[in-house]
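There's a structure below that I have some questions on.
In this document, chain identifiers A, B, C and D correspond to the written order of the chains, with residue numbering beginning at 1 in each.
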Amino acid sequence: MAAYKALFNLVVAFFLVLSLEGIARKIMARIQRRIGPPWYQNFIDLFKALSKHPFSNGWIFDFGVLMALGGALATAMIIPMGSITWTPFPNSDNFFVIMYLFAVGALGMAMGMVGSGNPWASIGVSRALTQMLGYELPYLIVMSSVIFFYKTASIHKLIELQRGGWNLLVMPLGGIVAFISLMGMLGKKPFDIMIAPAEIASGPMVELSGKYMGLLHIMHVFSVFVEISLFVDVFLGGGSFGWYLVKFVVVWVLAVMISSVLPRFRIEQMLKFYWGVPLGLAFLNALFVLLGWTL
Amino acid sequence: MISLLIAIPLLLAFVSVMWKRISKSLFFLAAIVNLIILLASWFPNGVEIHAMGNWKPPFGINLVLDNASFYAVLVVNAFFFLVSLMPKFVESYGTSLMLLMAAANGFILTGDLFNSFVFMEIMTITAVTIASKRDNFYNAFKYLILGGIAGSIYLLATIFAYTATGSLNMAHVSMAAISASSLIAITTLYTIGLGVEAKLFPLNGWVSGVYGGNDLAPVILGTSVSFAALYMVGRLFGTVFHGNGAEVLYTLALITIVAGEVAALRQQNILKAFAYSSVAQAGVVVAMISKGTAKSMGLAYFHLTNDAVAKFVIFLVAGFLVYNYKNLNGVFKKHKILGASFSMATFSLIGFPLFAGFQSKLRMIMALFSMKDFLFPAVMLLATLIEVGYVVRWNVRLWFEEETQEKAETPVVASTIALILAILLVAVFLKPEIFLNGAMKMGNALADSKDYIQGVLSVVKGGM
Amino acid sequence: MALSTLLISLLVTSVIIYFVSKASWRVGAILNFLIGIFLISYVFALHTGTTSDLGTLFGQKLQLTWTNASFYFSAVSLMVIVSVMLFAIKWLDSQKYPAAFNMFLLMMTAGSLGVFMAADLVTLYIFWEIAVLSSMLIVPMGKKESRKAAVIYAVMSASGTYMYLYGAFLAFQRYGTLNISEIAKQMVSDPSTGIKAAIFLLLASAGIAKSGIFPLHTWLRIAHGNAPDAFSAVLSGQLVKLGSYVLMVTVAVIPSLRVFANIPFYSGIPATNYFLIALGATSIIVGTLMAIKQDDMKMLIAFSSVANGGYILIGIGTMDPMGFEGGVLHVFNHALAAAVIFMAFASVVYRTHTKKISELGGLIHKMPITFLAYLFAIISLAGIPPMSGFISKWMIYQALVRKGMFITAFIAFFGSIGSFLYVFRPLAGVFLGQLPKKYKDVKEVSPVMWIPMMILVVISLIIGIWPFPVLQPIESMRADFGIAPMVKISDPDHWLIRGFAGNWNPVLVFNLFLIGFIIAYILYTMFPRSKKVDLLAPHKEEGTPINIYTGGEYIYTPELYHYNTKFYAGFERMYEKHPSWEKVLGMLAKFFHDLGEWVHGWFFRPSPSAYAFWVSLTILIVFWVRW
Amino acid sequence: MKERTIWEQIADSFRSRSIWMLHYCTGCGAMELPPTMTSRFDMERFGVAPMATPRQADILLITGYLNTKTLRRVIYTYEQMADPKYVIGFGSCTINGGIYFDSYSTINRLDYYVPVDVYIAGCMPRPEAILEAFNYLMEKIRKGEADGWKRYRENYEWYKQNQIRSLGEVYVHDEFHE
């Protein structure tokens, strides 16, 4: 049963996020008063990329891509989708496990891309890792206070414990900080420093062609799924599968709308930003949780 | 029998003036005879008196052999014997060494304050001649002046003691009731008078110059003579004055430890560096003596013995290196045995396990803690920390830096002696009784002034 | 063979090994290795509770006992040491002093084993110093800077050791025994908090100095960075763990929660433990930030050892069942990872003769096995799932979150994410990217050198999937120390590790990763085959540009485009002007030098008249004081 | 022309709907791209998106005149693109050298050196023309007629010869002489 659920996770993640990405492009276009591509544009892009005849920059390049995708797939398989019913592995959906399993993908990607031998890829990876240092810290502090508050790090239990009220409402500061961190995780503007097509030729992806691009796109899809699902599960109370999807879409659309009107940070601006207000709020939130001042 | 310890070297010294060429052999002869005499009268376990000219104490000059002086004389003569094994090293200083030996033995054995002054003066002057080896005249001169000052102050103290008690005999002085104010004057002056030879701060300025000036001086002065001087500290402050004035000694000794170590840290000359280290170790010993109990004194002399053995090796090796190489970097790659013994000796100095220094240092700390003295162990450990710094630095430099010079001829006897002593240090770690028993006996004898008085003056009761 | 016989015969054998190695160092190294193998089998065959007397020293019995803790630490140590011994069989041919290396390595092994077996404080001290002394003599066998490193190592280590010694005798003075468990028992009933805290902190300071915790961490950079390359693996993988052991002894064997129950500071943790935790947290920050900006790859990992020492201390310091197990398990993980990393670096230096990241690059093309070893080791070091490194970090986080220690947790997270940054630097700068032309004839090291690395990697991987063989001894160790003995964390029957906040199943997670990887591989094979871009083309044929996109520019000297200096420039710029603790300690050293200068200048002047002055002054002062 | 398999047909139809463009902005023609991309003309609605690197790009858009220095880069960049790849020559400069046709260093015809799938005539071509060109190219791709990349592979010798004739052989291979 668990295996089917995990597979279902992957299917949902794939179709949901890929279409949402298309929708995001559409939304962005509408905000900029354009028509924009159709919602299924990203499917086309993905399959086109897979159909091309790519270049490979050595075995570590291939291996890195596989590791990245493998890690993202593994993480996506664990993620609960809104309730215990849609939790494939109730015994292992520990938050820290998810976060760190997620890092396998990041490391694989970083390694493969630097393995391509392109200096821009290295710069992009260095930026990506630095950015990780930025957004992860406030996020983890918020998550720690959540775990401390509910005395569990198991995602499906966190969902159950939010019956009384969404975490976003119980600890609004934490919710806000987590959302800001989510923006960084998604690599949306203003936090798309590591991609920065205009500066470093799309950074880590500079040498990716054909199916490598496609596979990493898939990896990105699952990453987005994991990141947003975590936010929905932990802060928006999960809910039945339908509600879960709705919340997922709302979070995504919100993130897209914010990102479409913002310019890009420089790397140290990003760090200073994250280590300023969000981190402060995260600690404040932790203090509130410690003192029991939750809503 | 005991007077031979002084008489033989003295006699042979005069003989050697006439036959300069055989002075080395005469020195060897004196040393070995002395050693045989000592072995013959192994630990008297009581007090043996040799009254000179049959003037019974407290009137005449007498020589006292008890466990304390026996152990001290044994150690001192053992080092003289070791030096006498190296004729090349002795060069033309056989006469001086014999005189020094006589003086040191006399200084230790004498039971008379004035007589001890006389022997100290002889000791200082012969030490100065030894210190002036290799044209080290200025430092020798400095030593002479300081020795002179110290001698006069020592003499002054003796005079005070005499006025206060009407006697010069140590046992008698120890027995007498001295007024508190005189006692302060006497002990203070003795502190200063002995402080120069015992290398107490700030009277130890001569040490680096004399020890650092040639190769013979540190080997013999840093071991035998300083043992004799520190013996006298124990004798005077432990037996004669019953620990009076010990707190001054204690304070000065603690300052000595720190000052010696920090001064050693900055030294670029290996002989001087370890000269300062021996200053610091003397501080440790004096501070330990000033605690005044039998155990503390025994441990102090145990430590001093270990230190003297280690220092003998260190100065022997360092002296050889300094006068054969311009640049000491990596010389031990060419002299592995010398290097190994040097390293072992230095590690013993720090008190690393596997070497003798560990035994004495830990025992001292433990004894101090049981006496509820928390300051001294802290100072000692801090000093050891600084010591680790320079000892490791020297070891690393001498072993591992790139060597630059041609190999000099290895001194076979010296390296054998160094190696044997280094192995002795390991043996002492495994079986501390080798030194510890004697040292503890010495400590007991020094602390037990009643026994001493009885032993010395019993002759009076029986005789007159 | 009794424990004491074993240790003494090891010490004696080490001297024999020296003479054997003088004849042929390779035979000596092989003998060393065989002895190591024997030791491992010996250690696994021992039963806990075995005791043996070493002798008596000043009336105190010196005893060795074999406990669960000694088993664990000895096994981890031997694993590292034996791999290095195997590694050294080939590696030593690049060294100047192979015979002495063999001797001191074995001596150090004996010393460390003795430390783990010691039942009383003085035995511990003796073997501790043996280990320090012998390792201190290996350190200066490296390049020029290593000479200074040895001195700094010795002094720093000694500063901790002597504080320990002071504490040991303070305890002896108060409790009349040196036996660790006796002291622990008596400390519980001792009413004086001040003295207990003093003993506690003084004993801990040896561990602080040795495992590179904050105020005494600076020797790690210098010693690990400059020691002979393979020995750095032992230093960082094994010797530092002596410090962790002492910390564990002070925190856990002396039941700090009960001893200091009257000074709770936060969340039930006593102030003394919290002080240690704060030091650990500081080391994490310092280690991480400094590691990120190092250009010398060995120093980089040395600073990472500082940070990981901090993790271990934090974990143990919480005295939470989860945190304690995490901290102790982290000893294992860090030992293996650091050993592999340093051995990989040793292989790189063996072939390229440099340890500067900025001078290297692209070695993956030449040394793929070394690269893989390094890769898996850093995965473990950064705490990423399939490797064992994650488990311990996970446990430590659980403990921190459970206790509500948010600031410490923050620092732990910072260190963890920071570790991605710094472990990635050598990966990118040394192994990936462009190969400088001068290294085009570099070859992979011989199997003798890569097999030990691979063995350790495989062990780490297996433990990452099935951690129970290591968790069980830790759990029994925890039961020995009486830290919440009812709580069962490892549950091999259900393949679970049970945390306070949710469980996880390492086997499942690994399988998921495997499935993910297989799916990815299937996808990979489904689509058109790729054309290979030869990154080494400029090396193979003169005048071939490298085929990567650089804005249409032709690149013939690709190493110029290898991005490895100031890798995190944007981040590094933020703390460029950081205060340097090394400078502070340097100032302290300078202070003692200057004090020496001052003493020398004032009291040891070359003129006799000055002495006469001092003599008279002393007389006056002494008289004045005594009157 | 060979018959396409069903997979190729599907792939081609995907390719036609998702065109990632690398624009090689050598001349004034680049001026016309911003309006093409942004709200007024919005080329994204056809699935055309700008890319920063040739590895990911499908079409190489050469917007302006080429000379001996830039052509070398164009060829290099083209060769770094993954198959299938297409080239659009933009403006009269790429067709006949434009107003600088008689300069010593100007390249007059692009398709001697790389196979061009679509030319956009004009100086300047308006965004409408560009979009028209995209549409035309899409049509060609869908039908499998945009086979410049195959031609380049098949006639590699010929192209190489042309390139060397115009650019000259490079004797010193380093960063300063290409």
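Throughout what follows, contacts are C-beta pairs under 8 Å (C-beta built on N, C-alpha and C of every residue); 3 or more make two chains touch, one makes a residue touch a chain.
Since we're looking at a predicted model, the values are computed, not measured.
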| item | value |
| --- | --- |
| Partner chains that subunit B and subunit D have in common | C |
| Centre-to-centre distance between subunit C and subunit B (centres being mean Cα positions), rounded to whole Å | 44 |
| Separation of subunit A from subunit B, taking each centre as the mean of its C-alpha atoms, in whole Å | 77 |
| Mean-CA-position distance for subunit D and subunit C (Å) | 57 |
| Distance between chain centroids, defined by C-alpha means - subunit A, subunit C (Å) | 34 |
| Set of subunit B residues in contact with two or more other chains | none |
| For subunit A, residues that touch 2 or more chains besides their own | 51-55, 201, 206-207, 209-210 |
| Overlap residues in subunit C, where contacts from two or more other chains coincide | 547, 549 |
| In contact (per the touch rule at the top): chain pairs | A-C, A-D, B-C, C-D |
| Of subunit D, residues touching subunit C in the complex | 53-55, 73-74, 76-77, 80, 173-175, 178 |
| Complex contact set, residues of subunit A against subunit D | 25, 29, 32-38, 41, 44-45, 47-49, 51-55, 197-198, 201-202, 205-210, 213 |
| Of all residues in subunit A, those that touch subunit C in their complex | 6, 50-60, 62, 65-67, 69-74, 77-78, 89, 91-97, 100-101, 103-104, 106-107, 110-111, 114-120, 122-123, 125-127, 129-130, 132-133, 136-137, 140-141, 144-145, 147-148, 151-154, 157, 201, 206-207, 209-212, 214-215, 218, 266-268, 271-272, 283, 286, 290 |
| Subunit D - residues contacting subunit A, complex | 11, 14-15, 17-18, 20, 38-39, 42, 44-47, 49-53, 55-56, 58, 80-84 |
| Subunit B contact footprint on subunit C (complex, rising order) | 57-58, 122, 125-127, 129-130, 133, 136, 140-141, 146-147, 150-151, 154-155, 158-159, 162-163, 165-166, 169-170, 172-173, 589, 592-593, 595-597, 599-600, 603-608, 610-612, 614-615, 617-619, 622-623, 625-627 |
